[in-house]
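Presented sequentially are two complexes of chain A, the first with chain B as partner and the second with chain C.
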Partner chain A sequence: MTATVLKPHNKLPQYNTVTVLLVGAEGTGKHELAKGIISIDEPFSVQIRTATCLPLSTEDEESRPRIDFICFIVDLTNRESMRVVEESVKHVDLRYFLGRSCFVALKVKCPEKRGVGLELVSEFCDHYGAPILYGALETDQEQITLAKQILNMAKVSAGLVNNISPLLIDSTRRPYDTQLL
Partner chain B sequence: MSSPIKNITLHNTEGDLVESLNRLQKVDTEPILTETLVFPEKIGVTPSCVLLAEKVEHTKAEINIVQNSPLSVLPDSKEVHYGVIKEELEKSLSELNDTLTFINAEARELENEIHEEERWNDQISDVVLDSLSKRLNEQNFETNDAEGAKEKLKSEIADKITKANMYFKQLLKDSSQFCGKYFKLPSEEEFNDVQKKLRSADKTVTVRNMLSLKDIISELMNKCFDEPNHPYIVLDKRYWPPYVELLLRCQIVVRHTDDPRRVKLIPFHL
Partner chain C sequence: MQKQLLGHVVSRTRTKDLKPILERWGWLEQEVEQIDLSKTKREITNSLIEVCNQKEGLTKDVCGELDLICTQEYSTKKQWSVFLMEKEDEHYISDSNLSNPLKLKKKLKSEITVFFERENVVSVRMLNGVLWMRVYIQSGPRNMYRSSDTVYIIYYPRTQYILLSRYKKSVESYLIQSIQNVMGCDKLTNSLLTGTHYESLLQLALDRKSQGDFSRYRLQQVQNLPLLQKPPQKRKVSEFEREPNLQCEDERHKRQRTEELDECFGPNEQPLLQKLEFKVAVKFRGTSAIPSIPVDDMQPFRCRVKFEGPSVIDGIRNLAECGLVTMPYPKYLRSVHTLGKNHIKLADKTAMQHNVSQVNQSHAEQNENTPAKNTRSRSKPRTRTRT
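This part shows the complex of A and B:
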């Protein structure tokens, strides 16, 4: 159990590289999002890993690079995706939630098809102290917007931005539940 | 990086570089943090206490690092300063140039847009003016025409009335001609024969004061219009019985239900 928990500091970083892990159930559009992130032109190299759930298998533990940033993808029309995320979060080290992870809520445009309540998601995110990105992957524009937001955070958590730490970003954020302010 | 910094002799930076390299190598051999912190089970809505505690600790550590690390200043060399400043200026210059081109392009675009809008405005106002004046003309025409239409209607109605009158007169003439031709009053002999046959013959009635079919019909019609509630006429000796019989048989007149001497015209006009 302890061996399979993802930790942010147990490996050395690679030079000028950002590694992002996308966690989400089947059919949530991880690969579209990954393509969107890779298509953005940046002066460093970007690696994307995808997983349908955590924990990751122990076999390729050695060859896996250090994961700088984790995105948990929730499809709001798919209850299974929420459940997968809830399960996966248990296999992640607490230090990832100090600004090195985010939740992505997809398909926010059609509230009538929603299977997962927004309150549930924001409550969940408040508990884990991670930001939520709301978006969709239907058009290229939406993909790029979402990918840019993710990459900006990933860049900071990989230490590629001078004088800015992920914790600094995190401490400027407010919880979603206004009662917690 | 084709910056001028590269070409500068690195006498005073060389030592720094070596020092950094040594530090990095030391980090590489140091044991890596492998302790695991797992999230406790989710309870309630509030952020987890463990998470908050960890946050505080990390924040303190970062503040400590920032406070204790020496300010990184450029090496004290005029050439380095000159190079850095020059590079920055060039960068900002090129950026400003880009901005200028962008703004020029935008201004041109906006100008084009304004022209387009003006053109549209002109066109639209023309169209609106056209349609408004057209509508105004129509309105004027209609109001002028109201009097004329009244007059026209009056004359039309008068025309109709005269035509109807003429037709009515023609009909009267025709019917009187027809009656006079085919339904003559009986001759003196005929009348006398009938008078002789009838025992109850009234001697006061002569051929001269008999009423013709035309007179009977006109009397019936007049009665019909003068007293529409009681259009009966009383039959007496002056009415030639065969004609009365004819009218009855042809269902032009009907008898009164109670009084057999009274007859009335069938109300054809109703």
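This part shows the complex of A and C:
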């Protein structure tokens, strides 16, 4: 059980590097998002890993760097992608949910095509205490905006921003459901 | 009627294809140049009719030839269905008269005249070793052309298969009987394979004989059937992009999946099939997804599953490649390219027996040869109580 759970502190960090893991079902546009994140010019290097589901295979455990930040990608038109995320979240250490992970809801623009309700997603995120980013990947602008948002959070979780820790960010966050306030 | 047919041909063809078609027709020689192809279709039709009227002897046969050439050019516009010719004593039909267009035309004409007393027109042409036939059977008033009265037939000499375009239900029995007489076969059965691309249809029909190890050999080989002149097309492989900063955790899994698919479908492009239809009558298995439907293992859950698109078999392969289905595929999808049919019925063994019992209950008195089936259906409830 312990081997399959992904932990944030079991490896040494790499120098001046942010490693982001994108988890989402196939066909959700992980690669486009990854390319968007890589294309942003930053003074540190960015490593991206993509996976269709967790747990990750134990075979290349050694070569894998420490994962600083996890993005769970949900395509709102694809019910399977939500199921994949629900399954994958179980294999993640709880310390990741203190500011080291986020959910990304894609294709928010067309409500008539939605297969997953927004309430369901936000409830799920409240349950895990992680933020949601709403966005789309259709145009370059949308892609870059989303990538920048992700990278800002990932930067903090990798410890590259002075005096700010992921826990600080997380404690200033409010849940989406107003009744929980 | 000739005029109507000429108008029909012009309306079916693209203007830039009209000149080559008329040249292939060969009936108009120098006069083709007189037709101005830059005008509207109506004007083209009028000038074509005028040019044809200047020449003597524009018979229905001659016009039929033109219509047949037009069909050869636009064969994908027609819906073809494959029929299997069966003969008791021989495996395939090997009458040398059948590969000669003139002799075949004579034979077909005489057979059609026997069965249809009204006016009929028969034309036969050969294109790239394939025999194309056109049979026009008048059904409406005299001198009135109806395109639905025409049946087109494609026959690859020395094969067991014959392809028919859509025909009227009313002429079906006589038409099939006359084709049987011409081809010298005892039985002509619809093999439930339909599509618009006739070459692919024939390939699919012929591949039915190569199952199992043969199929694996054929799929991995680059050599194709000698009947088809074109070499097989290698399908485009979507190469996985590699970037130094981007790494896919389940690349190994993806590669394994591609290998599995290659073994099952081969590296070549699949024959084009436009439709694949399953009539499913199995027990409902999606109870975990939809709990509101009660589990009743006696009643089969009837539904119809259709795959439609320009190339369905390639599509099924791509579905798995995109990770939208769980691998491995069930056997009926894996072997779709060797089944030789695209209308498939799926049923449980137990459900099938139950169907038989239902049918037997309703038609018990009509069926004479059902005692064997009846015993099977009676044994079914017994097995159920045991479980």
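Operating definition for what follows: the second predicted complex is superposed on the first by the 181 of 181 C-alpha atoms of A that agree within 3 Å, B and C clash if a C-alpha of one lies under 4 Å from a C-alpha of the other, contacts with A are read in each partner's own complex, and residues count from 1 in each chain.
Quick note on the criterion: contacts are C-beta pairs under 8 Å (C-beta built on N, C-alpha and C of every residue); 3 or more make two chains touch, one makes a residue touch a chain.
Quantities reported herein were computed from a predicted structural model and do not represent experimental measurements.
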Inset, instruction - Considering only the touch criterion stated at the top, classify A:Asn152 as touching first (chain B), second (chain C), both, or neither. - result: neither
Inset, instruction - Scan A:Asn16 for contacts with chain B and chain C and give back first, second, both or neither. - result: neither
Inset, instruction - Based on the superposed arrangement, let me know which partner A:Arg95 touches: chain B (first), chain C (second), both, or neither? - result: first
Inset, instruction - Of the two partners chain B and chain C, indicate the one touching more residues belonging to chain A. - result: B
Inset, instruction - Would you sort A:Ala34 into first (chain B), second (chain C), both or neither based on which partner it touches? - result: second
Legend entry - Which superposed partner A:Ser165 touches (first chain B, second chain C, both, neither): first
Inset, instruction - Name the residues of chain A shared by its contacts with chain B and its contacts with chain C. - result: none
Inset, instruction - Could you please specify the touching residues of chain A with respect to chain C in the complex? - result: 25-27, 31, 34-35, 38, 45-53, 56-57, 60
Inset, instruction - Using the touch definition up top, name the residues of chain B that touch chain A in the complex. - result: 28, 32-34, 36-39, 42, 45-48, 50-52, 54-55, 58-59, 62
Legend entry - Contact set on chain C toward chain A in their complex: 241, 243, 245-250, 252-253, 322-324
Legend entry - Complex contact set, residues of chain A against chain B: 2, 5, 7, 9-12, 89-90, 92-95, 97-98, 123-124, 126-129, 165, 167-168, 170-171, 175, 177, 180
